[in-house]
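Presented below are the structures under discussion, each in the form of structure tokens.
Below are two complexes that have chain A in common, paired first with chain B and then with chain C.
What follows is the complex of A and B.
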């Protein structure tokens, strides 16, 4: 079982490497990969596609700044965040807004694994942990 | 009032403008105290990571697209998809004198119900062992209070002496005796007001032990008044393997505090076989390649980096380590025993046969050795017991041959008789360590042939009587041996006279 999972992971990585064009995930290549998997039925296709999906999702997340906000946010602010993140990570990052009243006030920006916490809820959580 | 509001608003503005960066991941799987995590791209090896619900983990496996973490604490609430964040810190435990008399878990949290520790300092659990330049040779004795050990296999401050043997041969008892003896010496030394006196503080690390055994050890230490000089780190068998894996390192960090601050400490790892088993379990779940006996490839480093932290530092203190290893059917050539034998500065081998014959402590003289040797002995012990190990080893050899023949010459018979008497003399009950001055007096009496006319079966009783005589009637003489630590002609004469006095009054 473990060896199947390893083989599927390895194959998924190879498919993922083929899906990258100029440092970003290419929609055409992804479509090609899916077509290939459907046609050729590799061993453990579900395992392969799940691992492939995880890798693609992680890569897409690196180019997307998800801006959670409690108050109002305008396009100019989103553009400023996207520009700032593009400069910081050295790759093209787009920003998308997601309302989140649970933050109480402020912003929470997620780019890949990194989270930039500037919300009241986040600060309260830090305070609660330190008490 | 408006100023107050302004102050609050300013504070809010100040807080709001601060964006805190966190690196996060999500639990992919969690089982048996080990979590596989997606993300955590910035995590460092051995870094502490924060799980939801207050549980913390240590990143042990950094792979291409996942991180393997051991979880310390309650894992029952964790589930797939939970967010995990890096902390940028190494795991640290509280250290200091506040821990003396307390029982803590592998993370340094008190588990004895005596309230918070109040420790002011924290040390990282994993530290690089002291290098060559800062170290000093081992030359100061650490008395175990066990006559067979102090006279034949002496231990010095800063030494690593392995205690090895099958289950139920008295390994833990030797270490508890040693801890109790340190407490006794500390009490005498501190009461004397001697400014040069250096107390030895003890740390007892229980790994994979039954809770009942830990309670028994605690009771023994408390009954002997040794708990006030001891820290107990408990990672019992019911604890998750991650806690059992980290406990010896936590104990070492606590011991290092004493060493770094110019004090002497003794640490007991009870036992490293179970520690290796806990690490093997973690490694197998992390899917690390397994080697001999299914242990991972770095099992040697697991123990070498731990035991190398015991040292005597130049201008500072020392940390003496007494690791315990359990063997199966006396097999010292198994993987973990040979590893630890090669790391330590000697071993005390306990034999089941000797234990069953009633020879306790069941020390096998032939297989036991202290590589520090007589450098860790006071002169008085060397004077009275310098040749004992050789004599006893010779006796064992002769005894083995004597089994096959009945006609023995007078010299051989005398050697056998003397050997049997020494064996009897070295028998010692559990939790009753003897002060070094008393050991010197008894060995002096033995060397002067005081027990030669006593029947072999009655030697133990005679020795007990002699000890009683010295402690009740020759206290001043014992105190002088203790302070001088060597026997000059005057002391020898007075010891001889005391022995004669006892002999005249003793009837077997």
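What follows is the complex of A and C.
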């Protein structure tokens, strides 16, 4: 079972590598990969596709800045954050807004596993941890 | 004992501050704060 999982992971990584064009996930390549899997029925296709989906989702998350906010933000702020993250990561990053009243005021930006925060809730958390 | 009291007091202060700020901050306050936060985060 473990060897099946390992083989499925390895194959998924190969499929994932084929899905990247110019450092980003290509929708055309992903469609081609899915077509290939459907046509050729590799061993453990569900396992392969689940692993493949995880890899693709993680890669797409790296190109997306989720901007959580309490209070209003505008398109100019989102554009500035997207431009800044694009420069920082050296790849095209788009920004999307998500309301988060728990922040009280301010922003929390997540790109992949990285989090950047400037919020009242974050400052209070730092304060609580320091006393 | 003293350390525990200190931690508990800090927790209560932070909790109360959160509660007060969530009611007292106006939309204009939040908006201004967000502009400043956006400037800070675009300089990371």
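Assume the second predicted complex is superposed on the first by the 128 of 131 C-alpha atoms of A that agree within 3 Å, B and C clash if a C-alpha of one lies under 4 Å from a C-alpha of the other, contacts with A are read in each partner's own complex, and residues count from 1 in each chain.
Rule of thumb we're sticking to: a contact is a pair of C-beta atoms (placed from the backbone, for glycine too) under 8 Å apart; a residue touches a chain by one contact, two chains touch by 3 or more.
This structure is a prediction, so every number in the text was calculated from the model and none was measured.
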item: Chain B versus chain C as contact partner of A:10, first or second or both or neither; value: neither
item: Which superposed partner A:106 touches (first chain B, second chain C, both, neither); value: both
item: Which superposed partner A:98 touches (first chain B, second chain C, both, neither); value: neither
item: Touched partner set for A:83, first chain B, second chain C, both or neither; value: second
item: Which superposed partner A:55 touches (first chain B, second chain C, both, neither); value: first
item: Chain B versus chain C as contact partner of A:115, first or second or both or neither; value: first
item: Set intersection of chain A contacts, chain C complex versus chain B complex; value: 105-107, 109, 116, 118, 120
item: Contact set on chain C toward chain A in their complex; value: 6-7, 10-11, 14, 17-18, 21-22, 25, 27, 29-31, 33-38, 40-44
item: Complex interface listing, chain B residues touching chain A; value: 12, 15-25, 38-42, 64-65, 85, 287
item: Residues of chain A that touch chain C when the two form their complex; value: 69-73, 77, 80-81, 83-84, 88, 101, 104-107, 109, 116, 118-121, 124-125, 127-128, 131
item: In the complex with chain B, residue positions of chain A that touch it; value: 2, 9, 13, 54-55, 58, 105-107, 109-110, 112-118, 120, 122-123, 126
